[in-house]
Amino acid sequence: MASVNRIKEAWASGRPAFGFWSAIPDSFAIELVAGLDLDYVCVDGQHGVVDYASMVSMFRTIKFAGAAPLVRVAQNEPWLLMGALDAGALGVIVPMVNSAAEAARAVSACRFPPQGARSYGPIRASSVVGSKDPKALADEVLCIVQIETREGLENVEEIAATPGLDGIYIGPADLALSMGLPLDLGDGKSEHGEAIGRIREACRRNDVAVGLHGTSGASAREYAEQGYSMVNVGVDYLLLTAAVRQEVQEARGGRT
Amino acid sequence: MASVNRIKEAWASGRPAFGFWSAIPDSFAIELVAGLDLDYVCVDGQHGVVDYASMVSMFRTIKFAGAAPLVRVAQNEPWLLMGALDAGALGVIVPMVNSAAEAARAVSACRFPPQGARSYGPIRASSVVGSKDPKALADEVLCIVQIETREGLENVEEIAATPGLDGIYIGPADLALSMGLPLDLGDGKSEHGEAIGRIREACRRNDVAVGLHGTSGASAREYAEQGYSMVNVGVDYLLLTAAVRQEVQEARGGRT
Amino acid sequence: MASVNRIKEAWASGRPAFGFWSAIPDSFAIELVAGLDLDYVCVDGQHGVVDYASMVSMFRTIKFAGAAPLVRVAQNEPWLLMGALDAGALGVIVPMVNSAAEAARAVSACRFPPQGARSYGPIRASSVVGSKDPKALADEVLCIVQIETREGLENVEEIAATPGLDGIYIGPADLALSMGLPLDLGDGKSEHGEAIGRIREACRRNDVAVGLHGTSGASAREYAEQGYSMVNVGVDYLLLTAAVRQEVQEARGGRT
Amino acid sequence: MASVNRIKEAWASGRPAFGFWSAIPDSFAIELVAGLDLDYVCVDGQHGVVDYASMVSMFRTIKFAGAAPLVRVAQNEPWLLMGALDAGALGVIVPMVNSAAEAARAVSACRFPPQGARSYGPIRASSVVGSKDPKALADEVLCIVQIETREGLENVEEIAATPGLDGIYIGPADLALSMGLPLDLGDGKSEHGEAIGRIREACRRNDVAVGLHGTSGASAREYAEQGYSMVNVGVDYLLLTAAVRQEVQEARGGRT
Amino acid sequence: MASVNRIKEAWASGRPAFGFWSAIPDSFAIELVAGLDLDYVCVDGQHGVVDYASMVSMFRTIKFAGAAPLVRVAQNEPWLLMGALDAGALGVIVPMVNSAAEAARAVSACRFPPQGARSYGPIRASSVVGSKDPKALADEVLCIVQIETREGLENVEEIAATPGLDGIYIGPADLALSMGLPLDLGDGKSEHGEAIGRIREACRRNDVAVGLHGTSGASAREYAEQGYSMVNVGVDYLLLTAAVRQEVQEARGGRT
Amino acid sequence: MASVNRIKEAWASGRPAFGFWSAIPDSFAIELVAGLDLDYVCVDGQHGVVDYASMVSMFRTIKFAGAAPLVRVAQNEPWLLMGALDAGALGVIVPMVNSAAEAARAVSACRFPPQGARSYGPIRASSVVGSKDPKALADEVLCIVQIETREGLENVEEIAATPGLDGIYIGPADLALSMGLPLDLGDGKSEHGEAIGRIREACRRNDVAVGLHGTSGASAREYAEQGYSMVNVGVDYLLLTAAVRQEVQEARGGRT
């Protein structure tokens, strides 16, 4: 059966999901973008400057434009996950998950009893999914956790094996910091690259999706070729800033 | 004496002013951009989707980031000009000005008596300018009108000669439509190009600034070299959309 | 060719368009409603308490839910019409139009040159319509004026004959007040009913649509049977208030 | 002494409190409704799409319209309760309370020392209550917890006996899910009905209020007759949607 | 019969109305203030930074706190007056009125036919006034115009005699600018003082109220003693700024 | 090296930092105030009525006006601290910290690994600080905890000794309530005064800053002379309300 979640459709077809990261709390800014052949747009509720009211409007806009609305929640608090899912997010990315217990907590917030402890009240979700049935609602929703600390890395096998978990999204910057490495890591053929590879393999063994956060189409393509199933092609304010910087430079003197 | 208006500083130094066009009603979106060596950022109150509350916040943000905040008002209504100037805009671009009388109406809304009929109440403007004096307040503010119809073109000499007018900003798309030409005009060596040249020359004769709306750094540079004193290097949502489209294409298969 | 405007599709099939009136400035409130087999939802920018930012979000929401977003503008000012159309409204209802000149002013704000004087900048409209072409954009947009004064009534033939006008929407309450009649008019077989009939006939003669504002499904059905082509089935805050009043009464003692 | 909290007045007179549930984040939508002889309006901060800024405005509006503003908080986090009470809510409904310890946590957030650990700063509450005195402020505020899981059901006696607790509000949908029952339960003469009855009796034994969530005036009346002291007569978006659906059906062909 | 408009009650008792000027677009900021024994609070829609959505919320808040909500509109445009009145303002102050025709235009926007041309749709006004009757609605609303230019001064007799006008509010700063005088005028025993006196006398002769804008309680008292019937005791952002400046000075070294 | 944080500059010069407390969620209200020679403005995210979107705008405004933006978070939750710091706050004040473990939790949210567990994503912070380097970012940020309960008082030595803690801010009202004392404490030469002195001395011994919350310039001066390094000169809504009350009294009869 067809899913309303374009990520699930991509995965069902054996394709990786290409996504976009949104930190600008404005629905017009994301509206045209979300229609550009993206599988998902993730609203950054952690490091973006996005309030809840904007988030609700953005979920609506992203879905109607054709992509699956995801949210990276600020913290692994059940109400933050449930509030986003009720409002129409088709998946959550939960930062700083360091253990199987924490992963199970995230899963529980996404699933209704008996699989989880999500409270029932799908105020926008039911029209997004087209059903009021708890199982149907939960089935469309992805629960993805981030491994981005040394502690999480050590527990990666147990985390990846958490029942009901859909995937792991690797946060390379926080992982580097947590490992005592510089933020900018060059070619990845390092301790950092090995850590990332270890997470990827744990996901494969446990048959859950694995994503790696990049900020360009080129890195997204590279990651997709390496087998990552969720890859990010850009971040709104970074792309906008880079584009303006380039235009100003051209205007003021060109590409010498 | 130094001006708080970076456009005026550029002009005083014999340089063109490079600017940016903002249609996304969000202060974070414009904040980083406005600091990228731009002389001004113009909030599009006509064709953008920007409400007044967002506009006020954007004026504040743009100014603090270093650029002069301008606004293209929706229509040549005195209260729209005055409300933007009170809120800290350092200039107005007034669309669809077709006669000297209309240009005078715009000027009047920007200047206090006896030069004009602006009502006194510079609620944010006084701290932006650093003065409560009517003359000082008005001196920092640019009144720029758009010629973008056949009728305006015919009256260009009288418009350019309007006392107190600071400049004319050419709207090429509307001008083309008004002249019965297609929107996309190719090399400009046409009837459309002649019309634009005629406006430019009228501005020079009357010693007022002349701007030409472009949407890229390359066109801005070209226009600057042609003697335009206000040139636009980009439009927020167009640059963002183009950048995302390119990243998606790279991610999904590259520039073959 | 199919239209993106469900009103135009209804009319092309010889059916009346059924609509809804929205005065609550909230996109969630209108989201579920707009999907309930309505041809259009009209955001009341005149007597509602809807600001521009809410309006833009509501246009987006209404369209995606399946209905055509209309707006009743506050006044026959070109920038109010143009700002709504740029933001994705597929039609305007212009209140208090009393003469052919005023009707022509409204039409002009909806059409690009040479048919009108609308300024080009379809920031959301181009994606709603799926085209950047001025003619395609204008063709999807309905320009409807309200006759609701004695003066308008007297000029109904000339108004109805205005080139480019799509229809006349009758405002019965204001028309009654203007005629010196009470607001609540009973069976309509009165001077008021004759006035309404006169407008309806003028529309038929000039082959433009005619709408009559009602506030219930029953009146909408009745008007549709009488040949009105735009009929309103309800107003958000009136329906909500009536429903709550009834539930409270039932709770506190029932319908005795 | 008279209370500013209409629920407390009803209870002091031996009457049940009739209330309304609000999930639309708009003050105009709730303004007229809140004046329709309702004892309280509960803003749904859990399953509604209501942000904090809207909530504050809604508390103000509801109180002035005559009803007591309550909030169902998203989660049993002290700051969520305290932030709503400071902003003028006259009671909290705390979801998913499963033990006496959890109930005590909720109570503690509603009472100042030594009864609880609420931090002092009644920024709007002091004018709502008409006093800055901690005891007076706390006395006007209701602390109500929801029992809506199997675990909560098992601990109902201990929960009901929590010192300082004002009542228990039964969430029938979540309770059903938690018990492995379908959401729609028919006549209530089931395991589900027995569970509800068990909660009701525990409340009576411990002399705390008991509420049961319904969505119609008819169910509210029935529950009131059964002895429930807090009954809900409707939910804003459900009533609005149902009303529009009915009007559209009448308009398009009637109730055949 | 009692009025819901506290200004009208004051005047009916032969007392002047004391008011406050609000330019901060926030309902909490005005909420406590509006309850401090003020007859009215005027939201500054001209020189404040107040958008329409904030204005509606402020009207609600001010009225419930006990004062009459007024608005100084941005310009003498019918829809700006009508939109504020529909939303619950109990009076308008219209700036820059220079002739009897302009005054009549303002009056017309405040009165329903046959006295005026206000369109009927009192969405919030009907509950504020407690009536849906056009006459009752209009009777509670004050139409006040500002004379603040030399031209207005010359036409003061005709303006004051405009049928349906409730009063004239003198804008001393703009009047000074228009007369070529400095903004800060000292003791008022000047050409400026004579102009003000001339307006005051014209109001008395025509039996309409006369207000004079001041920014302190002391000036308000003085003006009240001189017979002004509307006097302003302060402006929000000026009082706040002055208070903070004083506290900082005390903190950093005291009043030496 | 110079700091972007004016509090740190004051302390580096051996001067106390003078600050202001902001509970009105509006950037215009704080804009002029923040430029009045204040070292910091603290947005009250606990007892104010400030939502996250307003907070972000206020941080921007305060910083550009010259003061350091701080936030008192609602609760010691990592994501609340991290979200404010990412958005440009240059310090957090964390309420109700009762133990060294709780203090360490707050510190950890302010520092990146290995000193803490703050997640990396300084979306606005990097431009505020002028660096993307984790250490530089963390160095500009103050982590201050509040001791305001009897339990916190008992643990004051351990709290003050928390590695990475910058200071302790004393909340006198909550401390009094927690000690069973009245809110209004007179001359401070009481059990309450001794408790405050005990906290102050613990801070000195541990070489961390100590602040005491007052609401006037006079108290701020007194506290500064007593050696407090963070002193508050006023609270926005209290100063505004007091100022209006005084003006109304003067207007209505003067200071008799």
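Chains: A, B, C, D, E and F, in written order; residue numbering restarts at 1 for each.
Quick note on the criterion: contacts are C-beta pairs under 8 Å (C-beta built on N, C-alpha and C of every residue); 3 or more make two chains touch, one makes a residue touch a chain.
Small disclaimer: the values here were computed from a predicted structure and weren't measured.
Contact with chain A and chain E alike is made by B, C, D, F.
If you compare E-F with D-E, the chain pair joined by more contacting C-beta pairs is E-F.
Distance from chain A peaks, on a Cα-centroid basis, for E.
Centre-to-centre, using mean CA coordinates, chain B is 42 Å away from chain F.
Spacing of chain B relative to chain E, judged by their CA centroids, is 34 angstrom.
Taken residue by residue, chain B touches two or more other chains at 23, 25, 28, 32, 49, 51-53, 56, 77, 123-124, 237, whereas all remaining positions touch fewer.
Chain contact topology: the protein chains form a pattern that is neither a line, a ring, a star nor a complete graph. The chain pairs satisfying the stated touch condition come to A-B, A-C, A-D, A-F, B-C, B-E, B-F, C-D, C-E, D-E, D-F, E-F. Residue ranges of chain D in contact with chain E, taken from their complex: 27-28, 31-32, 35, 56-57, 60-61, 64, 123-124, 127. Put simply, chain D touches chain A in their complex at residues 23, 25, 44, 46-49, 51-54, 74-75, 77, 95-96, 148-149, 171, 173-174, 177-178, 180, 183, 237.
Chain A makes touch with chain B in their complex at residues 18, 20, 23-26, 28-29, 32-33, 36-38, 49, 216-218, 220-221, 224, 231, 233-234, 236-237, 239-254. Those residues of chain A lying in contact with chain D across their complex are 51-53, 56, 77-79, 82-83, 86-87, 112-114, 117, 119-124, 132, 134.
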